[in-house]
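In the two complexes below, subunit A is the common chain; its partner is subunit B in one and subunit C in the other.
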Partner chain A sequence: MQAVYVIKRFGVFLLIVWVAATLNFFLPKLSGQDPVRTKLLQEAAIGGNVQVGMEQMVKEYDKRFGLDRPLLAQYGSYLYDVGHFDLNYSISSYPRTVKELIAEALPWTVGLLATTTLLSFAIGTLLGALLAWPRAPAWMRYLMPPLWALHAIPFFLFGLILVYVFAFKLQLLPMFGGYSPGASPGLTWDFISDVAAHSILPALSIILVSIGGWALAMRGMMVTTMGEDYVVFAEAKGLRAGTVFMRYCVRNAILPQTTALVLALGQILSGAVLVEVIFGFPGIGALLFHAIQENDQFLIQGIVFTVIAALGLATFLLDIAYPLLDPRISYRRT
Partner chain B sequence: MRGVFSYIGRNRSLLVGTLLLTALALFVGIGTLFVDTENARSLSVPVLQAPSWDYPFGTDRTGRDLLAVMIVGTPLTLRIGFIAGILGVGIGAVLAFTAAFYRGMTDTLIRSIADIGLTVPSLLVLILIAVSIRGSLTVNEMALIVASLAWLNPTRTIRSQVLTLRERGYVELAAMSGMGGPEIIFRELMPNLMPYMAATLVSSVSSAILASIGLEVLGLGPMDAPTLGMTLYWVNFYAAMINGWWWWWVPPIVIIVIVFLGLFFVTIGLDEIANPRLRKSA
Partner chain C sequence: MSEAVLEVRDLRVSFAHPLGLVRAVDGVSFSLAPGERLGLAGESGCGKSTMALAILRMIRPPGRIDGGSVRLDGVELSVLNEEAMRRLRLAGIALVPQGSMNSLNPVMRIGAQIEDALADHGVSLSRTALAERIADLLETVGLRAGVAASYPHQLSGGMKQRACIAIAICLRPRVIIADEPTSALDVVVQRQVMETLARVQRDLGAAVILVGHDMGLMAQFVDRLGIMYAGRLVEVAPVGQMVTVPRHPYTRALISSLPSLEHRGGLQGIPGLAPLLRDLPSGCAFHPRCSLAGERCRIETPALRPMGGNAVAACHLAEPVA
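After this line comes the complex of A and B, so read on.
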């Protein structure tokens, strides 16, 4: 039965990848743009000559890239290429491939996102649980309204404010980039602490904004859970307060939180893209911004595809892990 | 009418939210009367003036009066949000009712599309769409782009709400007394769903605005329209932060924060109406 559940989830993952590839292929076609012709016209405008053989050149390139074949054949070979992670060359930084560029940027984004998502989820959930707990210290109540208000603001706007206060006014932390201009990347202590210093503000702008949302949802779940009979029974048995809190309340209330985490991944990522742009953090978001500025279609498509596929994979893994957290969800039900 | 006001007085989230949005509406409304909105175009005033008596919000590097930009831009940004939000909830509601009422294959199909669509980061798909139709976008086209994905969340939430309402006794009674499907939807379900739909609408408007600002900051917005998101794009483009031109980026940020906070509090307040168990006793 387990196998059926896993296979079904994997099917959904494949479906997402296929949809991403298909959107990538057909959306640009619908617009009727001709990337080769546009690029050649641009070059011609810069060079000021070579107007003569333009049509032949376009034809020749179309043949080279297989653009003269019927649409379905092109679609088929596109799916084949994407399946092998061949994402074509980057137009703006030509001899380099899209795959190389993405491989360079991906660790930055994954590092930033993994750290911030886990931290904000953990802190927010714990905070929300404590807020519903009658024995929590009273000062915690004052934390809630500001976190709540922050939660309504987009990540990158809060990031802008943080940059102004901590990097521009107080000059405590670096303002821009993933590491200092002169630093040589490597596994040295200097470089790592340099990267850490550059990551604090981007990370904080995601974490502080997200905490409120998680806390809010967790508090709601805790209130419901604390009214359950088994909690009353646990208290009546004389169990220690800590045990009732962690093993009886949090353990149960955290389950819907995990589902929410799976659903929120896409949104967190969308927000992080803009945070990277604001901070010039050398991850996927900044690369995407560069690609948009340069109108590098292949790079944009490659990034969109990679990110959707990666998130699909993350969702798939969390889906598989979920029944381990909640024994009541059997593998039999989807 | 008195009842409405005394209720709003008790529902504090709704009150705060409404006040924030009203303040913004007054700012725009009064501003349009007293400020020359022509100055929201480039090259109409001296560049980079710090706030002064003549230009209370200062001017930017392309020679626009930032007060005029805010007065013109705020309604534009809200317009994108409302067009996309209304379209999203409208399409979402139709799909949700169809799914929840007819069940079976239709339901499975609609639910799967919405569920899978929601796990995909919407900003990226919107970027792909916006890039594909490059060329100069107008504010309305921008709204349509954002609307293309804005129906996913409403479909999901309204559907689950309809499903719970469907099992209620009065729906069964209506069916037994011979009402047809559409009649039940409009006469029995709709009135009960109204506050809920209103809450969904407000939160959709809010996410549509968020999405549109995201696209604009990335440089995919209507280049010549002075929306709040485009203002932030130019702020980033001319590195206003590092150059210390604080008056350029403070107003759009403050207004965007007011918009989001206002919409957020209104959503919470409407949720309270839709779900009376959340209400505090008077």
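After this line comes the complex of A and C, so read on.
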């Protein structure tokens, strides 16, 4: 029974990826732009070259990228390539492949965003739960208004403020980049602490801004949960306040939060575009920004496809894991 | 009645409401003999459930206990600190909750929900002894021992209610407060659950307060019946006496509104609506709905007076019967 459930869910996952890949293929085609021609025209403009042989070059590149074939044939080979995780060459960084570029940027984004998402989820959820809890220390009530205020600020704006204060005025932390210009990447202590120092400001801007959202959602769920009959009965059972809090209130109130967490984790791959651009962080978001600037269709497609696949995968894993979190959801139905 | 197991004196609970103070329980007094079964009946909103929670000191804001005393075996509960009060819940006074459909934690197995009650009351047993104790408890209330491994949603309403009874008796309490334990169940299951409750109560020798509005069920189960109206006890009497010679007009109206198999036809109700607790009528709160009410009833609030036998009633017009 459980195998059938998993297979069905996996089927849904593949379907999502296929639909995404198809949209991803056809939408840019609808724009009517010719990426190769655009790119060559750009080069020509920059280099001041005469446009002799331009048409020939366009044809040559179209042939190389397979852009001269009928649309359906292109679609077929595109699907085949995607199935093999071959995302074609980057037009703007030719001859580097899209896969290479993404693989380079991915660890930065995942490292930054996975950490910040998990941290803000953990802190925010716990804070939210305590805020709804009548026995929580009174000082906590003063903590919330500032967090809500922060939550209302877009985090790139907050990031700019942090850069101004800590990097520019106080000069405590580096202003830009994923690591210092001279540092040689490697698993050395120096490099790791260098990366950590560069990550503090972007991480802080994301964490401080998103804690409020998690806390707000959790507080709402907690208030509802605390009104449930099973919480009243738990109290009538003479359970310790800690037991009632963790095993009866938080355990139930956190269920919708986990869904939100998984979706947030799935979205990590799209990167925090603005934060990465502001801090010059070499992640996926910055790469996407660059790709859009350069009209690098293959790179945009590759990134969007990766994001959708990751989101689909996250949803798939959530579907598999959810019955473990909530016994009322069984593998049998659907 | 001198060695009452539970003694409630002048218990008062109110809720802060934007339109005024709501007196949900207003000066209720009664005592409970060891092993006795007392019923508390009344319309919805008359303060029955609030009083059950007030005895356990579990009124949450905006509600508060304004005063009165609750003594368990002579120990005054209102002066206990929160930790002592916590330990007394379940171990001294146990609640069988209202609407057990939702009274069990949906994400925990039944066994675990008994385990945490035992653990938080300092019962430490080995794994096997614990499993044995839980199996015993479940069998006592007529469930298979295997139910310990089930989640609440896998059980029927009656089974869930039995599981709640199993939890309530796990520390052999002196008093069990059953707050409408069967209101969500059909009559067949209702009867089974009440029989189970009666049996475990007899075995433990615990006293029971049965809160509810089902007069028929009450009459079968309890020794003594208290009728509440608008946060006050208006009549308390041994159940046989109450059914045959009710003293308070409200009690009479309640009893005559019971459907009967002999006299078919339209159901007889009580005219009017229960009063708003934040805006009670002057004098006797029942007077606007009472056909006998006179001038005095509109002015003076009646107190409970002995009415012969072991009965007391709060009505200016009731006469003691020898």
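Criterion: the second predicted complex is superposed on the first by the 296 of 334 C-alpha atoms of A that agree within 3 Å, B and C clash if a C-alpha of one lies under 4 Å from a C-alpha of the other, contacts with A are read in each partner's own complex, and residues count from 1 in each chain.
We adopt the following convention: a contact is a pair of C-beta atoms (placed from the backbone, for glycine too) under 8 Å apart; a residue touches a chain by one contact, two chains touch by 3 or more.
Nothing here was measured: the structure is a model prediction, and the numbers come from that model.
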When subunit B and subunit C are modelled together on subunit A, clash or fit: fit
Which of subunit B and subunit C A:64 touches, first, second, both or neither: neither
Contacts of A:141 with subunit B and subunit C, given as first, second, both or neither: neither
Touching partner for A:96 - first (subunit B), second (subunit C), both, neither: neither
A:278 touches, of subunit B and subunit C: first, second, both or neither? first
Which of subunit B and subunit C A:293 touches, first, second, both or neither: first
Subunit B versus subunit C as contact partner of A:164, first or second or both or neither: first
Where subunit B and subunit C come nearest after superposition, their Cα distance in Å: 6
List of subunit B residues in touch with subunit A within their complex: 116, 118-125, 127-129, 131-134, 210, 213-214, 217-220, 232, 236, 241-242, 244, 246, 249, 253, 256-257, 260-261, 263-264
Residues of subunit A defined as touching subunit B within the complex: 12, 15-16, 19-20, 23-24, 27-28, 30-31, 33, 149, 151-154, 156-157, 160-161, 163-164, 168, 175-176, 262-263, 265-267, 269-270, 273-274, 277-278, 288-289, 292-293, 295, 297, 300-301, 303-304, 307-308, 311-312, 315
Subunit A-facing residues of subunit C, complex: 53, 56, 58, 60-61, 86-91, 94-95, 97-108, 116-117, 120-121, 151, 153, 164, 167
Contacting residues of subunit A [partner subunit C, same complex]: 134, 228-230, 232-241, 243, 247-248, 251-252, 255, 325-328
